[in-house]
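Below you'll find a set of structures to go through.
Below, chain A partners chain B and then partners chain C, in two separate complexes.
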Partner chain A sequence: MAVAQPVGVYEREDLLTGCQAVAEGIRLANVDVISAYPIRPYTEVMDAISKIIADGKLVAEYIVADSEHSQFEIVKHAASVGARAFAGSSGTGWMYGFEALVVTATDRLPVLFLVGNRALDDPGAFGVEHNDALAIRDMGWLLCWVATAQEALEHVLLGYRIAEDKRVMMPMALAMDGAFLTHSQHIVRIPSQEAVNRFLPPFDLAERRLHPDNPVSIAPQVNEDWVMEIRRQNWEAARRARGVIVQAYEEFNQVFGERYKPPYYFEEFMTDDAEVVLIGMGTVAMPARTAVRRLREQGHRVGYVNLRWFRPFPSVELRESLRRFKAVGVVDRDFAHGSPDDGGVLLHEIRSCLYPARERPAVVNFITGLGGRDVSIQDAIRMFEITQEAARKERLDGFVTWVGVRE
Partner chain B sequence: MIKRVEINYRGIFQKNLAKKIGGDIVMIAARMGQVGFSNGRYSDAPERNGIPCKYFAFVSPDLSEEELEAECGAKLDIDEANISVVLDDTMVKGVEPWAWHGVRPINEKVVPYGHMLIVSRRRPEELVRFMARKPYPYYLALLEGDASFAGLWVYRDDLTHERVLGAIAALDPQLLSIEAVKGYLWDKTHEEHRVEAAQKAFESVRHNIHEVTPLQGIDWPYEIPKLPKWHEFSEGVVVKAVPREFHLGPKGQSRNQLFKRGTTKSQRPVVRFDLCTKCTLCWLECPDQCFDPTPDGYYDIDYEYCVGCGKCAEVCPVQECIVMVDELAFEDNRSPWEHWKRDPEGYVRWAEEKKGKHRVLPNVVTGTGERVVEVEPVPVGGKPKPAARAGA
Partner chain C sequence: MATADKVLVYDRIKGVKQIPLEEFYTSGHRTCQGCESATVMRQFIKAAGPRTVVAGSTGCMYVANTSYMTTPWIVPWMHTQLGAGGSSAVGMAAGLRALMRKNRIPQEKINVISFCGDLGGGDMGLSGISGALQTDYDLLIIMYDNESAANTDIQATGLTTWGAQTTFSPVGKVERIMHRRWKKNVAAMLAVGHPNCRYVATACATYPPVDFLNKVRKALSIGGPTFIHTYDPCPKGWDFHPRYSHELGELGVRSGLLPLYEIIDGQVVYTYDARKTGKGRIPVREYLTKQGRFAHLTEEDIAYIQRMVDEMWDEWEVPGVAPFRGTLKVSA
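Moving on to the complex of A and B:
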């Protein structure tokens, strides 16, 4: 994105994988505690951070755990004493630590996690699929997908800024497509520490901080007489997060130049006069954008919407945007077997979000790219064609197509 | 316009080298005002010794980074390569990263009039005789040198990296100019010998480019597997196993016909059966069960399955009995034991000719170099002597 940046905001350019870009973000965020347990594709970020520490560029506790469950517990406890903490995982490793993940949200500890998206085994599949990160969607987490290495670095900073905001205090999962982003080397502009310090204030848990000078007990036993009120608090925080996210991007733009455009939660590509759009998350944007360019050369009015934030879900903004189109094709790199219409997770979220709109576009669904299967430019063109058929009412609303499966 | 560079490398031994080359192509192209990015073929799992893997670099002089990524980013493999680098010349025999890929020709992706750049000390015809015939002409460029092998965590700094960059500049100056390569290496390291290595490779490769015509090469003997449709295989991820069978003699043990892994090796063990003491160690220690017991108490080798790990040569207690030899010295995978039984003296002459007189002995501490010693062949009827051990 060619935009003017204030002088001195970026220190240098370097060739980094998506995981290495996250590690640079961790260095710049001056994270105090990192816990690690290997699983591909997340492993590369733990390698990169340990190298940064070994090179003397970051002073932090780096704890290699005996499993993901311990790994996630470690950062939860570290955060409770006021440490800025980082962990991450992928696929079934992420699922193995689930118990620790859900209580981190209840305890409102703003740890940042990287989820390098990976298929849920069997059989040893390590390609990208979004079901791993999506599993956290109902648990009181912030959940956001990045699509480039530059965005990955920047969303570490944005992530801590949003999660640690006093109005939010929720854990944050930064999801990133395995392989296509975690392991792809790109030239990344690395911000200066001075600029980062202007944007990201130190983590302050204030009166909730566990310390001998501040005797508190965190998460004592509660029963039926408390849980509902606790959930109600969490809901309030999740609601407040919506405003904080917008504010954080605005502040980010003030420091780093116009990097992100409103409504921030998602990004639109060639949608101005579009009749039909696809919407998806992560690197499926790559073939989809090329497909948009090619179809537009032939006179088709198509566009692409890249959804960045899944939790909180941008219901109002997305409803406002999508209702402009005749048909929307929802691209799911996940599955939800037995769910309504046997569609994907994103389909259900988007249809539900659109339901209150007075004029609704037809919505069709694509299940594709599972387990790291390529989504080709040709696949994307086919998805546009089917969505155009829905716009002409030749397809029923809710029509689900598997794209890329051998059949 | 998009330029696609493919770097074929061997798992573990060349993983860091390939990634460095891919990354530096992007950095140097960026100095020339182009955009680019680099990634590996993610499905490869290059943590397996010697497995054929790929790294890629994508460069464009006129597209935006966003457009380039959109075209090339979220893909597992490339459709075509303008330059296909081969970091170990034994890969010309074919590459099989996983069972379901099949044994593929090394030049599968090279475009018409594109370049294969192979690190090798062999002559072009010695390589082309193993490679698949293409329906169109392309160029074979040779960068003289040995395959640079290191460990997963160790980068072997033998200037192969700099030399490959210089060689690419010789093949396509619009992709990388030699000035940009040298400028980059100097700015990054301030070491003159790195710049010189790139320059020398640039000069030598310019005079070592050979057109390969559609008449050259072989009809590819391997079938590419056709993957089943979703309703054509068992539910619950259950696959039929290979029934266990055994008889004495060549190929007497049942093996998986769908994944032979032979393309993993850059060297193969050559056995002097006449020196063998039937100690059983090669058969016991082989991690891939490539040794077949024979009726007369020897151990034949199924080279189709041998990955060239060298364990047998390492454990063999007899001097000169099992020696690892460059894979390109061999045309086929026939049974060495049958060859020996048919013509004992001819086999020994053949084996010694393949082995040559020089033996490379790695130092005990990894990465600290190796020694080359000259040996006298043990004559037929010679007494087996104990093998010298590394460091002894």
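Moving on to the complex of A and C:
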């Protein structure tokens, strides 16, 4: 994907898992406070960070907390005094700290969290499902999915850059598929500290910083008198974030070469003349891309859209893109039981985003890969075939298909 | 007292006339008449002074204290969640230390204080406070205990005195007593389990006078994580006239029901020695019968509470503190 790489912006190449790549990003972002609590699969990032700190490669306060709730509250309050902070979790651990996640967003504290996506108990499953991270979608968080370890490292830097921007000041959740990315190794180019410093300015909480020299009261009781205006400010920040995200990628490209292409929020693969596309998030891109290549060898005009940013949702850009196609198959690695048409979470977002378009593609939905079940190339081909069929149909019926389930 | 003074170097307040005049918790709050928890707020920050950051957990000292745009806090203050009394303190202390280590803010001693109620600290937040007391950060957690979820509508907590009427434990036609949990022994429990914590104390804001102020100063000067549990009579929740708040605190302490002590590096120092060999104790009846929440108790109920209190002071290995009996015997 990289077109031009300015010399000297990378210090080395290394074979790293997704979690280890994030840890390198944390080191380069010179994070001040990190709080850890174990849960698979995100937890490997804390193994890596603790070693980085133990080896003297990062000066930071590192606190092993008593629970996810404490872990998240610790980084929230560390951010409140002006420290750059990092935490993370997976699955039910993420849900255990949910109260703290809510207030971190309403307090507008721009911490960065890693979500190593994991199925929610019960019954126990370590594998990926996106429902954990998706639970914060309405709470005022930035939320994006990365598909490779390189992207993971880079989105730590991009994440802090966007979250800490004065126009945004929202916490950032960096989501990655459990096992498939958290624990798979990739060759990662690690940026130099000098290059990172050119891209990422220091964190400055300014007039909201809790310090004896700045005796402010934060988050007093407002009730119906003011809460609506404060919600409105959060809403405006989330809207402003859209412009800041584009600017951040442009600045990133200036320092590191043409790493990312507009519109940045998502990435298209072989869509130029495509009639039918699948859209999904995370590592499902891998079988989907291979399926695209194979189907194209047989003359099918298919493509894949890898959605990176879920919050803010790139409604305008995605609408412009998806309306070109005859049919769109939405791949959900999540569930939304009892929701409209019993589809997945992403389906509803995509359909809602397409509704204002006069010319709309047919939209079908796939629930697949739950609990870490492998999504094979054959599964992806089947999803393309169903989507192609939908493109030919007059009327859509039964358009939610579970793929890869015993029935 | 002698032990504390030997171990600790701090600016001791010797009498009421020496209490600093500066207020850092001032007008703007909406606490009830006779609120002893508000007195705890006023005193702890008076003792700590302006180079302090404060986090306050959800509870009456959040909701009644800090209405938007009328904050009573002169020092920097931030709301934290009900169960985050410990973790909020750790977060602030860690953030400040990191920024000082990296020379991003000037090196100085900044007090980190977090307060929480009995529901937030003694029930929900115990795990987080335990975590905080295992760190090496300089911080103080104050649990203000008015024996109920006092802002929510006076619901029973794990620290409500046995038998008390609350909105969760009303008197009914069949059940006279709905609240049958014995008051949780939070301060001693924390002291026993956290050898890294050098100072734990219980206190009553108004009895003995200036005692709580000095305990706050001791906690802040000894270093590391520290914990103070205060007993705060609550006129609304306990059903008594606000003019008797101070008196109720004193009666609670002198009856032995609310033991006052410090644990400094493992050494127990009694602020009020309710043992027969010490200052002695008044009957619990004198404390209980002045509160509407105990109006339904029978003679047997009062006798039961008295028995429990007598046992606490006469039979426990560490009277009023640790509920253990007997001595270690090596078996043959």
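The working rule: the second predicted complex is superposed on the first by the 402 of 407 C-alpha atoms of A that agree within 3 Å, B and C clash if a C-alpha of one lies under 4 Å from a C-alpha of the other, contacts with A are read in each partner's own complex, and residues count from 1 in each chain.
By definition in this document, contacts are C-beta pairs under 8 Å (C-beta built on N, C-alpha and C of every residue); 3 or more make two chains touch, one makes a residue touch a chain.
Here the structure is a predicted model, which is why all the values come from computation and not from measurement.
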Which partner, chain B or chain C, touches more chain A residues: C
First (chain B), second (chain C), both or neither touched by A:Val244: neither
Touched partner set for A:Asp177, first chain B, second chain C, both or neither: first
First, second, both or neither for A:Ile218, with chain B first and chain C second: second
Partner chain in contact with A:Val146 - chain B first, chain C second, else both or neither: neither
Touching partner for A:Thr290 - first (chain B), second (chain C), both, neither: first
Which of chain B and chain C A:Leu278 touches, first, second, both or neither: neither
Touched partner set for A:His186, first chain B, second chain C, both or neither: first
Which of chain B and chain C A:Gly372 touches, first, second, both or neither: first
On chain A, positions contacted by chain B and by chain C: none
Chain B residues touching chain A - in the complex, by the definition given at the top: 19, 22-23, 26-27, 30, 35-40, 42-43, 45, 65-67, 69-71, 73-76, 227-231, 237
Residue ranges of chain A touching chain C (in the complex, touch as defined): 30, 32-33, 35, 59-61, 63, 65-67, 69-71, 73-83, 85, 99-100, 103, 202, 210-212, 214-222, 225-226
Complex contact set, residues of chain A against chain B: 15, 41, 122-123, 126-127, 148, 177-180, 183-187, 283-287, 289-290, 293, 372, 374-377, 405-407
Chain C to chain A touching residues, read off their complex: 50-53, 55, 62-63, 66-69, 71, 73-81, 83-84, 86-92, 94-99, 101-102, 104-105, 110, 127-128, 130-131, 135
